[in-house]
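Here chain A shows up in two complexes: once beside chain B, once beside chain C.
Entry: the complex of A and B
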């Protein structure tokens, strides 16, 4: 934890209210995000129980599995979710930009012009917390290999056609969510944690409602309050029957809720279905009608209790969206969002081209490529956040990685040689204490074009740097390229453009140290697993 | 950190029975001869890699130089991969000194110049393009630079130095450049790391964020790691502790006896706790200078001042270090300060400068102040260590990492003085390891918790309260 975020936490404790960690919004927020509040069933890893989803905060739509152990019902649930989520995702493929570029022809080796499509916008899913992202990843993993009736060998339990498609999208989105700074799938707790500090621990901050209690008085708390007291109330206050007044945001549910509300409702539903089946077997029409009404009632009761378990988190997520929308967007957001748009466009093309689902495990080369991409994006994110946000830059300045100050003197000097180039000295008055040894290369923030300099001397209160580039090709610097005395400058000790990643071999050229080229393994048919 | 489980050797708990073992020099020679045989004259069908585990100061660099000379002598073109520019420059300097007949190419990045020590030799050529170096007997560069090398003529032989600090993905990118390789490294030092999430690959044999040697051994089970059994750096007072605490399954011993090394102050102590700690360290090889328990910020001003005062007094008291290499005064260049974080190193450097201790390498001989990561592979007569857990309210995985403490506690030839706030054992007891267990990931022994306790209980016998 940096000094500034520690300070912000202390201030949050004193004020009993969240304190800003950013002056701008560092993640893209879509105009039309889809919010999902997924719940998992206890007792089986990754078993879905319900999801409340939608793009309109006034119209949440609930889907659930009446008997979470029933694979047929689970399949129907996933198909229903797919029918909501996939059209939303695909709707962003309608509008594309055409970009002209060039590609190396594989045969002739010459560059040939190509036109590539880039989707004008990309979808955005928001879940309450990191557990929600992990749950979607599990759903993706368990569904993307499912066989459907369209398969040549559909197996004994073909799933609806939308299900494997949903699995591929969820896998793509959850994988992309691992890329620092990406915004196609976001957890609200993470978003809030980047922008505000609370006066509680990081662990407590994972509870969305408890986090929000440092921003807004929780609904139902009388008298309204903020801060630690309100957070404790939403975490732990229970009604007369022992149920949490503010259920957790999932995917795990409150065990008391499972025991006292959910399990009995599932049992009633199971019983009604059993009665209906017996009546059907006995061809007793009157009894079938009576049982059907029972099933319907039990189903409605389940819907009611699951809605009550997800609706508070639904409102919490939207309240979080409101808080974030009040922040002005950071300058580099369009740049990073373009990365998400490319990611979306490429996956859409892979699906359209009929490529197989993502493999169960990355091979050695793919894993190394993904790691390199994430490290590159992490470096880019840190640079861009520092440039976009004085508070982020302040953290770097406090860490001795940057300094800001006023130019008090400019000494024009030139390089030696036949065609001297400008090498002016800047005397910068600063209260910062950068770890700047003489000769160290520094970079001027917000310079266009990029400008390098080197430290000439560094003393408390004053740093002297020599500008080395970004002043044009002539003897005298381009107008405006050298800061005037009295102007404010920021120099960073870190580079302002992330380094390229080194090339990696093709998977087919995986070396002996890493087991040689991957052997194609036929993925076990997913329809063969145990069903009921 | 990875320890190779070896059923034939149990954990050592103290000094080993010297009578049952060959003399240190003999044991080390035998191990080196076996390694050179495997590298230079591999048996038909032998694995393509040779792995050597080397504890701190066991002659790893000497081994690399000897292997390079023998390989070049046998007519091989050789490439050497090290992990940092300073490691590469050190190696170039050493190799050029020991083998003046060998032509050495130093491949460097276009935006960084090699150190002057590496360039002062007539047989060293430095270029930023590998095409200009293909005629050299040996070409040396960092893993990061090798990854960019494209060449039609791969090498037959490579030496990978500090291989345990190399990441698996870096090896993936450079392995195309050679057919056979000698991997040398210290399994007890810091693991490679990344700042982004890699959980999805945990347990895969080729997890790109794991150590290159771990991946190599997983895919080449026929490779049996060799071991260097003797530390020539660590004194007899330190080798048993470091071996038992950090290398419980691959023990090693000191190459020198308890009386071979002495450290004597020229001036009497002034009665202060700092001087008492120096006396204790000079007499026993270890001292713990303990400040009162307190939670502090990372750059704890009092602890930093205590570190700086210790260094100042070390230099003022005209100590003489006597060893098998002869007697020498303890000068600033023979002293290092180790910290966990860069800002701590910066704070110590500032405080030392205020006390008039030289810390700027550009101005001549100076005290080295750096983090554990950068002290890896370095050697000094006396080290002063700011304990990674000093003043902390919590014990995170970073601060508990075994390799960090191991590096800090194994840089010295004579004595190590640890500066810490009281209460670290209690802190450890309050923070048992909570890292999730990942399927397929080998359990690491010892864990940081265990190793920290082992070192602290030893240091407790050498405590001086400030």
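Entry: the complex of A and C
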């Protein structure tokens, strides 16, 4: 945490409400996001219990597993979720842009023109917290290898065909969520943390409702309040039966809720199902009808309690979306969103081409590529955020990596040689203290085209730089390319275009130091992978 | 639990039992010890744990109950998992151990599981465990499994009882077995979970090392990485047993805990001695809840809060997830305006500025300049204040358009 965000937290303590950490919105927000509030069954890794999802805040749709240990019901649940999520994801593939580019022909080595498709928009899933992302990743891992009825060897428990497809999409989205600045799968707590500081610690900010209590008075708190008091109420206020008034946003449920509400409801449902089966075996029609009504009632009761456990988080996520939508979008958002659109388009093509699901473990080259991509995107994100947002630039100025000030004098000078080029000196008055030694290269922010300069001298309050480029080809600088006295300039000590990393070999050319070319391994039988 | 098994009730022990009142003593488990070792500067927790005070009931009475609990589903799943483990004569445990120790798999050996008197008092159980361990270590060819043994460890001068999930004894040495519910997925597990399990197991290894040294009449080696060559001494690699992938199939993975062991030893030795904590305590302080006949506490919450406040705490936001009194200490830190409420790192960043008000005052325009000019290369409080004022100026400038 930087000193600037600490300061914002201190101010939030004093004001007892959230304070801005950004002047613009740094993440893309879709016009049609899908919100998911997933719940996991306790005690078992990645076992689903329920999910509340939808694209319309007034129409959340609940899916749940009536008996979390029953694998048939789990399969049905996953298929139902897949039937909601996959059509949503695929709907973004309908509209494409055609981009002309060129590709090297592998045989002749010549460049040949190609036309590629790029989806005009991409889907966006929003979950309450980082735990929700991790849960979706586990669901993806546990379902993408599932065998279906269409497989040559469907196994003992074939799952509906949509289930492995959902698994592949969830794996792709959770993988993409690791890329800095990507926006296809977002956690609301992370989104809020990027844009506002609260008067509590990072750790407490992971609780979505407690974090939101620094923005809006929580529903149900009388009298309405904000800040630490409201956050504590959300975290710990319980009713007469010991149940939290504001249930946590998942994926873990409150143990007391499991004990007092969920376990009895599941038990009643199990009992009703057992009665129905017994009656069915005894061919007692009247009893079957009566038991079916019992099952229906128990099912409705489970739906009611699970809705009550997810609905508050559902509203919290949408309230967070409202807060973020009120911020103006940052200038570089379309650029980064295009990266997400490419990611979506390429995965869609892989699925359409019938490629196998993502492997359990990446081979060396794929892993290195992913890592290099994440590093590159991180560098790009930091630069773009600094350029888009004076508050992000202030972080860099505080760290001595940039300085801003007023041009108080411009001294025209020229380079030596046969065709002299303009090399004007700028005297900048600044209160910043950049780590600027004479001769150090600096870059002028917001210059079009890019403009380099070097430090000539640096003293407290005044920095002299010499412009080196971006002034045209003639002897005299292009009009407007040299800042006028009295104008405000920002120079950065870091480069404004991220460096490209060295190319990586094709997976087939993996050097022996990294295990050599990947060997196709037979996947373990799917049965070993499934829940019991 | 009475204290007579621990020899004579020495003055510190008597004072500790006074602090607790007539309530039964809560024994420290390894999880609590690992939490204590993570925050060794907290005198409040050290004293309450040493006295065996029921912190759950205390927090409840103070009006900010601890949010901890375990779901019945998790408990059921845990029991199912442990029963899987016991199938086929603990084959899951023995197989990786055999491989590590180089014992041929075909060697026929039956596993002895001695009765460790699970219903007895802690002191008796600890004695029984020590005897069973010595007996098992005496026969190098035998395989013995101690199911939920009880170990004793002296922490800052007061005894703590620890209950590992199991110990496997073979060839005169023992291996700690730690059973966890998080999965090993595609050959790797969540590092945060593994780290917590390793810290917990390191506490058991330390207790076993001290016990082995005590039996041999030798002091514990100065070097925390040294392997003890004593009968019944623990291996420095523990067995972590977890479900494999998404199944309930157990898989055992060896985990080296030497680093965690060294950290735990250092942290526990840094803890202030209980005698010193007791000496600093005002006369008449007690954490007795004064339960009435029905077991309901009658002690006024205000009086109890005063008693708790007599022992200083070292609050950090991490406490909320590890300590029963976390919420109570947080509300105190908030009332006092302490900067620790925002995180441990914040305090380092702000130097000698200890409260939110002080820090915000230093950030006010003109505050840093002060009556005297800042000395060049200023350090100490001036530097933190100066940087804060600079940060405040930058922040105000950047937000100029927003506000």
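Operating definition for what follows: the second predicted complex is superposed on the first by the 526 of 532 C-alpha atoms of A that agree within 3 Å, B and C clash if a C-alpha of one lies under 4 Å from a C-alpha of the other, contacts with A are read in each partner's own complex, and residues count from 1 in each chain.
Throughout what follows, a contact is a pair of C-beta atoms (placed from the backbone, for glycine too) under 8 Å apart; a residue touches a chain by one contact, two chains touch by 3 or more.
This is a predicted model, so every value here is computed, not measured.
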**OP:** Mind checking the superposed model to see whether chain B and chain C fit together on chain A or clash?
**Re:** clash
Subject >> Which superposed partner A:13 touches (first chain B, second chain C, both, neither) >> reply: second
**OP:** Would you check which partner chain A:201 touches, where first means chain B only, second means chain C only, and both and neither mean what they say?
**Re:** second
Original post:
Of the two partner chains, chain B (first) and chain C (second), which one does A:46 touch, if any: first, second, both, or neither?
Top reply: second
Original post:
Between chain B (first) and chain C (second), which does A:3 come into contact with in this model arrangement: first, second, both, or neither?
Top reply: both
**OP:** Pick one for A:361: touches chain B only (first), chain C only (second), both, or neither.
**Re:** both
Original post:
By residue count, is chain A touched more by chain B or by chain C?
Top reply: C
Original post:
Between 240-248, 294-302, 330-338 or 366-374, which run of chain B pushes into chain C after the superposition?
Top reply: 294-302
**OP:** Pick out the shared contact residues on chain A: the ones touching chain B in one complex and chain C in the other.
**Re:** 3, 361
**OP:** Could you please specify the touching residues of chain C with respect to chain A in the complex?
**Re:** 64-65, 67, 69-78, 181-183, 185-187, 243, 245-249, 317-318, 320-321, 327, 331, 334, 337, 339, 341-343, 345-346, 349-350, 356-357, 359-360, 363, 387-388, 390-395, 397-399, 401-402
Original post:
Mind pulling up the chain A residues that touch chain C in the complex?
Top reply: 1, 3-4, 6-11, 13-14, 20, 23, 41-47, 68, 138, 141-142, 199-204, 228, 232, 235-236, 253-256, 258-259, 263, 360-361, 389-391, 393-394, 397-398, 431, 528-532
**OP:** Can you check the complex and tell me which residues of chain B touch chain A?
**Re:** 48-49, 144, 147-148, 168-169, 171-173, 175-176, 194-198, 200-201, 204-209, 212, 215-216, 218-220, 297, 342-343, 346, 360, 362
**OP:** Enumerate the contact residues on chain A facing chain B in the complex.
**Re:** 3, 175, 178, 180, 361-365, 367-368, 370-372, 374-375, 378, 399-400, 435, 437-439, 502-505, 509-516
